[in-house]
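Labels A, B, C, D, E, F, G and H are assigned to the chains in the order they are written; within every chain, residues are numbered from 1.
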Amino acid sequence: LSFYLLNPRKNQMKAKVSIIMGSTSDLPVMEKAAKVLNDFKIPFEINALSAHRTPEQVEKFAKNAKENGIQAIIAGAGMAAHLPGVIAAMTSIPVIGVPIKASLDGMDALLSIAQMPPGIPVATVGINGAMNAGILAAQILAVGDENLQEAVIEFKEGLKEKIVKANEELSTVKYDYKTN
Amino acid sequence: LSFYLLNPRKNQMKAKVSIIMGSTSDLPVMEKAAKVLNDFKIPFEINALSAHRTPEQVEKFAKNAKENGIQAIIAGAGMAAHLPGVIAAMTSIPVIGVPIKASLDGMDALLSIAQMPPGIPVATVGINGAMNAGILAAQILAVGDENLQEAVIEFKEGLKEKIVKANEELSTVKYDYKTN
Amino acid sequence: LSFYLLNPRKNQMKAKVSIIMGSTSDLPVMEKAAKVLNDFKIPFEINALSAHRTPEQVEKFAKNAKENGIQAIIAGAGMAAHLPGVIAAMTSIPVIGVPIKASLDGMDALLSIAQMPPGIPVATVGINGAMNAGILAAQILAVGDENLQEAVIEFKEGLKEKIVKANEELSTVKYDYKTN
Amino acid sequence: LSFYLLNPRKNQMKAKVSIIMGSTSDLPVMEKAAKVLNDFKIPFEINALSAHRTPEQVEKFAKNAKENGIQAIIAGAGMAAHLPGVIAAMTSIPVIGVPIKASLDGMDALLSIAQMPPGIPVATVGINGAMNAGILAAQILAVGDENLQEAVIEFKEGLKEKIVKANEELSTVKYDYKTN
Amino acid sequence: LSFYLLNPRKNQMKAKVSIIMGSTSDLPVMEKAAKVLNDFKIPFEINALSAHRTPEQVEKFAKNAKENGIQAIIAGAGMAAHLPGVIAAMTSIPVIGVPIKASLDGMDALLSIAQMPPGIPVATVGINGAMNAGILAAQILAVGDENLQEAVIEFKEGLKEKIVKANEELSTVKYDYKTN
Amino acid sequence: LSFYLLNPRKNQMKAKVSIIMGSTSDLPVMEKAAKVLNDFKIPFEINALSAHRTPEQVEKFAKNAKENGIQAIIAGAGMAAHLPGVIAAMTSIPVIGVPIKASLDGMDALLSIAQMPPGIPVATVGINGAMNAGILAAQILAVGDENLQEAVIEFKEGLKEKIVKANEELSTVKYDYKTN
Amino acid sequence: LSFYLLNPRKNQMKAKVSIIMGSTSDLPVMEKAAKVLNDFKIPFEINALSAHRTPEQVEKFAKNAKENGIQAIIAGAGMAAHLPGVIAAMTSIPVIGVPIKASLDGMDALLSIAQMPPGIPVATVGINGAMNAGILAAQILAVGDENLQEAVIEFKEGLKEKIVKANEELSTVKYDYKTN
Amino acid sequence: LSFYLLNPRKNQMKAKVSIIMGSTSDLPVMEKAAKVLNDFKIPFEINALSAHRTPEQVEKFAKNAKENGIQAIIAGAGMAAHLPGVIAAMTSIPVIGVPIKASLDGMDALLSIAQMPPGIPVATVGINGAMNAGILAAQILAVGDENLQEAVIEFKEGLKEKIVKANEELSTVKYDYKTN
């Protein structure tokens, strides 16, 4: 109930970003993308799809994404990590790929997502970099949205505060020959 | 006792797939292959053999596998991981190699198994991918077995359920701007 | 002269995409991005900037990009490859990073571009993947541009022709037991 | 003309193995698989399909392969190399993946093909290992075909001759202290 | 209070070495550099700066370092690890880079720091090698400081004691056929 | 006391193999070499030496090893791992190098030990492979020692027992379709 | 003759930087360090020394370097690349290591030089990065030398010209939709 | 004819070292081992054997090596590189493995040879390091042979001459500020 009080228009919202993962075991990583989008007040959906287990659903999703109002897709995958590339092959919407660390420190997923053949790009972020995927989606949507553009700029400004706080903490580190 | 009730023909069964490992420390990984074969009701045997410690037993096993009725061999090994390749050198039966993560994240085993010289292929699956080795063995046996073919198709269908369940779980994830 | 006949509005064009590289030695790779943008009729500019040699120019460029009408930035770099990340730190516009193969097969550049810290994403494409960077820029601009959206869809359709042609060539490969 | 004299039944042949590649640039590697199949007198077809450029054709091919009489599929791909895995997701026939060396010495393709998620195995051979892919396909088909089984055994015997010839060549290497 | 008794001149000290890190999470690694400098009685400062979050502060710091009396800068960073290189681009003071293990075992940071383009060196130490960074800073300052030179020589002599102690411990290891 | 009862000639023993390590933190790995030598009743010594901290001691040790009766040297080292190569440069005795896993999964140590320049070989074993280093030392000493030769052959025979035991354990693994 | 006209004080010069390499095959790489030092008018010497072939000469060189007036040492090495670390172990002067690409794309040398144990730093530059080694040596010497400090600042300014020239070249690249 | 004049006892010589390779394509690398052994006047034989193509011959060779007078075996192999390990499994004679660069820069062969399981060591040298394999064989044989010991010491002395010659060449490199 309280949920709807917080955002009463939720029923009418249409998702602009779609977060896709292959299994709920990827949720702890991918949720960081959700959190960022939520902070930017960008309506989004989360779905589980698998390039290998439900190829038809992937196809259906990808081919209808644009007309469903989706403007950017965030897809996370580990190991052979085909999901982002397979979706990118079936849509003209920008696809952001998140390599998930499931084996080989995530190196296999990074290569499987980034090394796409000419014609089908996937915008790859760092290993387990779902937060950055969310920010990148916001930046893409902001291309045609002045308000969101402002929010992104503000967000980037906010990053500085973390450093200010870090410096405060570092000032408590004491050594005889430390001068600050 | 109850065991034989479940599968009364066990005594007369002849193994069609042979699972080989170099040490019982590989069992937690390799047992996933056993479980898959069991689910497909494919008779199999499990043995410990070492390319380096018992080369004569490996030779004896490999050379007699075909006339013993074996149709596919699954061999797991870590580190220098010679076992699958050494077996493949001595039989015409397809050998499936499972690189086991024992050092270097399993990268050494993956290369030692996959990078076989021309003439002696090993069908390599992913690192610790014994479940997939079992499925691949079933797919190979299914080439000449319509019933098994059906079972494999059914199994692949079953993979979709995991995604359905994942989506159900994801529907419980709540954010103000999450639309589904 | 003939140039202006082809595109008489060139003088009034304002670049929407900015292609940045650190040295003209990167031009053979980065020109593929230029070609794609040109094919999509997206006005673009090409500049040489170096995160290390001209940091002030990089800063000036990045901070003014948005008000200069730039909607996406494509930055190529090899080795330590800081350029895309340094630009991304100073703008809210999406930055696409192209790892250039200059040493270690391009692995150093891929990691230096993709592994950005939380807060500052770079949309990384594959090693030497400047063509894909161009396409990705087009996809991003197309989010708010129906005509460009159409062009992207058409472009993706066109990729199929390459396969059709490949199949024609493969039909000329002759073996006794080749059936097609 | 002479072609049909060599194999007059060619017109009635139905392919049992399907060789798939994403581009004709992969032909010099993949042709080694064709040559092996031809030597084994196994009817085969060669087609160009792309997981990313022609996903519908891949789907159509994979889903109909079994009823078209295909018993094993050999798919070669470089870089992100999704083709073998995408095909494997849509068929119960064994899929043999050939990582093609197009970037990063083929390491990206090896990982993208081998590191498949549980449920969808790809039988991976070594980098550029198309000859071994052809032999593996023959070994798989031989599971239910005594004649082919014999041919595989004979082929493996034949490998020894190369060593015999190598020894003859080595006997011509002369050093004062070489004893043989 | 007791602090000032230990080093009463602290108030007048001007830092000669500046330790920079991007976040307090790097402190456990970077503190080893602080400890070494303190042991060498070299005045130093510690600050948090981020190449990506506070580029202006990085610029201000780097450009004023020399006139502020800084003679060497130690900068630690993980992942894409641009901080040392970005600082090095804006100062003529030697910059020592410490690759911090945050992902991929620190390999990404090592490459991002070491593989700098011609013109802008970063003196790279090993992964998490902050202690060595402190020693290297001392060696650099010692070039024009005989007393510090002596202290460095003494420090290197002191390293031998660890081996002497190790040998004492090893003498307690007992085996029948151990002779010492 | 009881120690000397077990091996009363200990006092007169002269070490034939020397085990060297850079720090007692390597002892848990290197002790496996000691145990093997002890089992083979080969007199050995264990010392801590560092290529970097005590180069003079390393030199003194290496140059006198032969006349002190040492016939093989086992040197373990991690990270840059110069110790085995530095010793090998100063003696004609075979040096066996053990790469110790201290960072990067031991890959740095493996390369630093194995990739020696022409003229100065180090007999490298696997990462943390001190047991194998001990066996290799025994094999080298056995070249001129028939009794030790016999012991090595016996030892290799003993390796088979581990497999026999493994098979016994595997026989307790129960599945409906397991045939053995 | 003309040589002495250019620098008549050459006879009285004492080297301040020492460039060391293990073989003349490294000269094409290492000469870039020489050229930089020459441009900075820093007297230097070049010698061939090998950690493995002439350990005594390395020791003699390293131990006397300081009293011979050397203030920084640049050592290049490939493969196991022990030379920089072995020198660093025997002097308190800063040692700059240049990993030379001789095998494995220079990765082995990079790790063997950078991953030094605590206590003995080597200031590592990029693979084949001898030019940067020369600049770093100049930066180190400039710590106590205002004139050299000025020269380094001037050198860094000069790097910008390369970018200005690159931009001029890029202005000649013509596309219909290129705006600059 | 002249051959026998050089070494008239050739007919009666029995090989003490056996060089094994899998194919004559490895001869250019492996011949460096032959040359070293010849220079040391150690009788040797060269044979082609394949762990995968002629496993029976490998077994026969390995099991009879000792009684045939072989005291050390040098085995070169590329890719999956099982040959050295498979031989080592069947003999108590020290086996020296030479990883041959045939793919992945030789990294696959290095790992497949070095990462042997406990019990079966292979003395691994660097990638393509056949010369070092020959020297190591000489060092092993020298354990019980004073004359050979002397020859090895002399050989190591000879390595210094290369450095002397390098220094002579470096003295011809001219720069204004070069002091030597």
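Basically, a residue touches a chain if its C-beta (ideal position, glycine included) is under 8 Å from a C-beta of that chain, and two chains touch if they have at least 3 such contacts.
Quick caveat: nothing in here was measured; it's all calculated off a predicted structure.
Graph distance from subunit B to subunit H, where chains that touch are one step apart, equals 1. Remark: subunit E and subunit H have CA centroids separated by 43 Å (rounded to whole angstrom). Centroid to centroid, with C-alpha atoms defining each point, subunit A and subunit E lie 35 Å apart. Averaging C-alpha coordinates per chain places the centre of subunit C 54 Å away from that of subunit F.
Shared interface positions of subunit C, defined as residues touching 2 or more other chains, are 22, 50, 52-53, 79-80, 103-105, 107, 114-116, 119-120, 126-127, 159.
Applying the touch definition to every pair of chains gives A-B, A-C, A-D, A-E, B-D, B-F, B-H, C-D, C-E, C-G, D-H, E-F, E-G, F-G, F-H, G-H. Partner subunit H is touched in their complex by these residues of subunit B: 22, 50-53, 55, 59, 78-82, 85-86, 88-90, 103-104, 107-108, 111-117, 119-120. Contact residues of subunit F toward subunit E in the complex are 3, 6-7, 10, 13-15, 21-24, 27, 31, 34-35, 37-38, 41-50, 52-54, 57, 79-80, 103-105.
Interface of subunit B with subunit D (complex): residues 66, 71-72, 92-94, 96, 110, 114-116, 118-127, 129, 131-133, 135-136, 139-145, 149, 152-153, 155-156, 159.
The part of subunit E that touches subunit F in the complex is made up of residues 105-107, 126-128, 159-160, 162-163, 166-167, 169-170, 173-180.
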